[in-house]
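Look for subunit A in each of the two complexes below; its partner is subunit B in the first and subunit C in the second.
What follows is the complex of A and B.
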């Protein structure tokens, strides 16, 4: 008997496994000697009614065996698989010592709403939600091709979260797919809750400040990445998809660049790179110039700058660090608060920092401009992850500028570039297409050239199929 | 962990670098300095420093000392002010005429040696006492130093006087075959006026070209892309004939010819284009023939004035046009070394051949 129970699953055994799971539901149909066990909140009630409740409700005697022969009912002889199936939203049907499983997964999900973190002006406004099947459908709807392949893995020793690796056969490089799959399967942890969290487990350099995989909530972005030869990873219960391999410059492009006319797209790209420069060095430069390099100040600005500094009691470094910390406090407070209170923060912060700090002589108003414009510039960067990383790096540069002036600033920038060039994403260079140099890619990286010129896929993906557009003018 | 501790150690070291810091509001940034020779043959230095304190009434602070050298003067200045004196914002140096007659070489050397003094510092000569000019307050200008600086910058941009910076001045001074020049300014009742161009022989002031002839000097010296010149073409039936030639562009060419007795002959040609903005003569400029006549007349006038200026320069032994450089370039090194240019220069035959083309002659006619 004991040995039997291990191999053939019995109702008692399953119920024993789910002991004290109050949310488990069990129903029986005595006339046909059928018991069903399932989690009602994981199961689509419509499917349950159509496939089980209705057919089973009419007593049919011997016909039940015939009914269970139907293909949607899968005979299952392994206890473990039955348990996993029930947890995965299947209905277990017990009939005469035999178990059939019906996949009726269909829990309640959030409806498709616009992405909060990656808003665009023109273009599709749907975004990924927490359900992987919805997310998969959002992609499948866009790529109607059997070449879109999906590999399913499971991550999390306890959570058993589904992870799907998507790629287009013939475009994506299979070495990357294998590498990514290997890395995902190597993860051993009790649970992973988020795509961005998953990406930290599979990154090449987990200790770097910079994200090495692009994360997106936008299905249209994911789709274009797939078509460029990248691999998309979707994790269940998270609206964040991971695109790999990624390059540093990818974080500065937005789907909007392609939906708007190319001249505008190009201007936006250039704007974002200048924002990168501003956010990294503007405040640091203020510090280094006012502390060491008074020679660099143009004559017209000299008096204003010196005048605004006269009342400030601190050296410029401390002044700058103080204000930068203040802005970060404001930003963090605004991010965690409900929108209605968030507005108050904006007003309080604007008045306290913008007005009172200068009047009280705590900071100079030129610094306020520097700090504010570098904060604004950091928000121009479309990827929140990248923008946060860069804001953090800025503090280091300010300190270096305070210690060694422009020398320190250039050292900091050099270290930053050295670090960036040492990074890899799935084994490919993070600074692609600058290092390794691939000039033809630049027209889709630093500018957004007209579509007629964007004929090839990015070189970083090492795709076997480089031609993306054959159209002649 | 080691990196982190390194960062923390650096933070503490930060307070140790005080001596290298040049925090803006604690600096006395000298913007204009003037140098004169005092009666007892000492150097009189006047420096103007902007006052940035908004509560102060005056906009600039003047420091005046007599010392034996520029740097000694700075040490003396330092005893007078609470600010840390620096010269990295120096924009303009003014030399008094008596100092320039005695020679500027030593002072130039000091200015060039100090790495914090930029090569772009403007050099100008003051007809009279430079310190007095700088010390004077002109009602309409808060800061005299800045006023002079902007005046010279604007006029230099229009080519009526050359833009002379420390770099150009010391280059021409140290190079052979050319003598330095500098704009010369003068203090009047309520303005500072540009007097003309000071011509040096080596580092000593020799002669002055009046401001009115500045354009002709510029035409002789090089190519231009902007400028204005007013010429008096004499009288015609009791009426003064003035022509104002504007939007002037000039292509400058210099040719060195050696005659058989190894004398040099230099031909300067300039092809000048411009538009006539003012003409008070009787020619009808819409007629092509009349226009060509005017062109010829202007050419002749420019040529006579230019040639006269060249004679004048030669008489004073100043090669401000850099003729020597062109001659040098036409010779081998040995030949140039064996030529005593200073002796040869006054007797070189130099001709100026301007060719004027009137591009347009105004809005309506």
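What follows is the complex of A and C.
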């Protein structure tokens, strides 16, 4: 009885902390004077049964003390840590006046499925899920090296989200690791819900439209970044890993490029850069030419263009903005709706944009081609974040082209280049390896050279170990 | 890690600062002043500019990479230097400003004859200011991108080779020209821009052979100018070339693709990048000089004031002719600075060395 009274205050204190938490579970083993407190949905039921329920259910007198001396039961005297432990999926075991913790974290998680935002044709199809431990395992099973180091931090005053910084010792630059850790520890917010959200807190220029850290859902991409000397950050409850430092050009490569023959990989890279150009300037060029520079159209094409625009009552800039907005509406609706309804939206949108708008005299046929090409081209860019940013920038260029024609377009591009030049990622140039120029990196940026030529790691990482391949042929 | 300008970036910066508005008129000026085979005059220009760069490299080596302002201030009183700094910055500021204004007036003439050119000027000035306030390293990064965005245009020259005729070059050299001395001075201004490398000295990576970057930049520009002028002399006849106001635009207008023609309209926009870098670099040099007088001034505010002043000044000349006259006089002053300033610095460094030896 006396013993019970001694354990009660501590137990009471914890129960008081979790007052009105209906999902908290408390079980009592009176024979051995043990109380356990835990959240059933956070702990693995198998672990709970094997480590606690079964051994504790068969009372063996005073052997309970011996049982609790096993290494999986950690003595804990700090009440705060007990609370944090329970919230983190541990089982708090109250015996006599002492508290032991058993880490039994094992909530239900989504199974490993294919990434929806970064699909590839060849190569591994698994992707990160919302469990950080699963994500860590996906990387650990790929990099079987003790040099793969993991730093654990906690972010969010209320959410206390676990954040893991991964790097390969001897390959990653430790200055970057320290800088990243410092930035993560500086965050003061109630909760962080997603990796992409975290990246906005640690970016060099959070007001820029461009993402300064690469985010990926693919473990093979994360692995190759780590091996290239980059740092990966994994956030619990998020399938998005952050790779830092990042370069603007990195957003145009896909793991696929390395799985295909180098000639195909190179062609794909070049295609993506063409897509970037088309996305940015195609519609703006249409606006510029049809507003101010009709003389640029060859005579044979001029008639078709003029006929196509005869019924359109608006200046080209309004026409283009209208259609671009329509495409964005369709895209957004398609992204939010369930797949089956999304398809309907696609068909309806296709008819509205493709036929009805032209027949009603709201737009010209050629604009439809320009808008559609530029929308399709934007989806060729592998990173959704970058693709969305570029689509937004396009609106600015269309407006500038509508005001000053080709000169407006040039000014817009100049502004874009100036902005990109001023951006940094973890303090390194965002335009690396173009500015500062590192010609040796170009063969893995603009093209995907044969593996025999890809001998060094990207210079942006300032890695102490530059050589990644020593094969002669 | 403190960033440094690598030789490659110096090459690009020098080349991009040098290539400017004069390229639009260069073949005509060569034809007018030097007549037949006028393009050959670019060769002595290249040699002279290289000699001038040699003077600058002397300053770099003798001064051990010190800033020119430090060298000047070590020997000359600030009472004398401040007016010199104001003079330097005024020339550089207004020279940059007039280059911008000329580009705007040309553009207005081609595409927007009824629009007030000062609106375009304001937009370009704001772009330049935005880049200027970011500092020399960001300027160098942006310049590298602008370089890659524009350098491919020289490949277009290959398209004119089928229409190139050797007979148009004639076997005569420098016949039917006039006023060659003045013409030589005018044309030499096409090479200006390398003199600003005097101000890069403290930003250079002293472990690398940075001065080679300046020579390389000047060489790239010379090769580009010579090949461009050479093609023009073989593409147009001499009489034609003398009459064309802007031969570059006529050359570009010749290009026809199946889906687009009159490319000069589009390519003129690309020249904005070259002009922007030239303007920004001259303004940066002006800001560096003024900063020596006002070392505690906030760089963004200082740049904004300088750009504001230059914008007001650009209201004064209103026609292309007036702007050309301003540019002519300012380019004479800039040429004087290009030769005079490194000479002065070399003399000062010799005096300083002698004084040091006598103390030792």
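Simple rule for what comes next: the second predicted complex is superposed on the first by the 464 of 473 C-alpha atoms of A that agree within 3 Å, B and C clash if a C-alpha of one lies under 4 Å from a C-alpha of the other, contacts with A are read in each partner's own complex, and residues count from 1 in each chain.
Throughout what follows, contacts are C-beta pairs under 8 Å (C-beta built on N, C-alpha and C of every residue); 3 or more make two chains touch, one makes a residue touch a chain.
All figures in this text were calculated on a predicted structure; none of them were measured in a lab.
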item: Partner chain(s) touched by A:302 [first = subunit B, second = subunit C, both, neither]; value: first
item: Partner chain(s) touched by A:292 [first = subunit B, second = subunit C, both, neither]; value: both
item: Subunit B versus subunit C as contact partner of A:411, first or second or both or neither; value: second
item: Partner chain(s) touched by A:189 [first = subunit B, second = subunit C, both, neither]; value: neither
item: Residues on subunit A lying within both footprints (that of subunit B and that of subunit C); value: 292-293, 295, 297
item: Parts of subunit A lying in touch with subunit B, wherever the complex brings them together; value: 289-295, 297, 299, 302-303, 305-307, 309-310, 312, 315-317, 399, 402-403
item: Complex contact set, residues of subunit A against subunit C; value: 292-293, 295-298, 301, 404-407, 409-411, 413-415, 417-418, 420-422, 429, 431, 434-437
item: Residue ranges of subunit C touching subunit A (in the complex, touch as defined); value: 6, 8-9, 12, 107, 111-112, 120, 123-124, 127, 130-131, 134, 138, 140-146, 148-149, 256-263, 265-266, 268-270, 272-273, 276
item: Subunit A contact footprint on subunit B (complex, rising order); value: 7, 10-11, 13-14, 17, 20-25, 27, 29, 31, 50, 52-54, 86, 88-89, 91, 116, 118, 146, 149
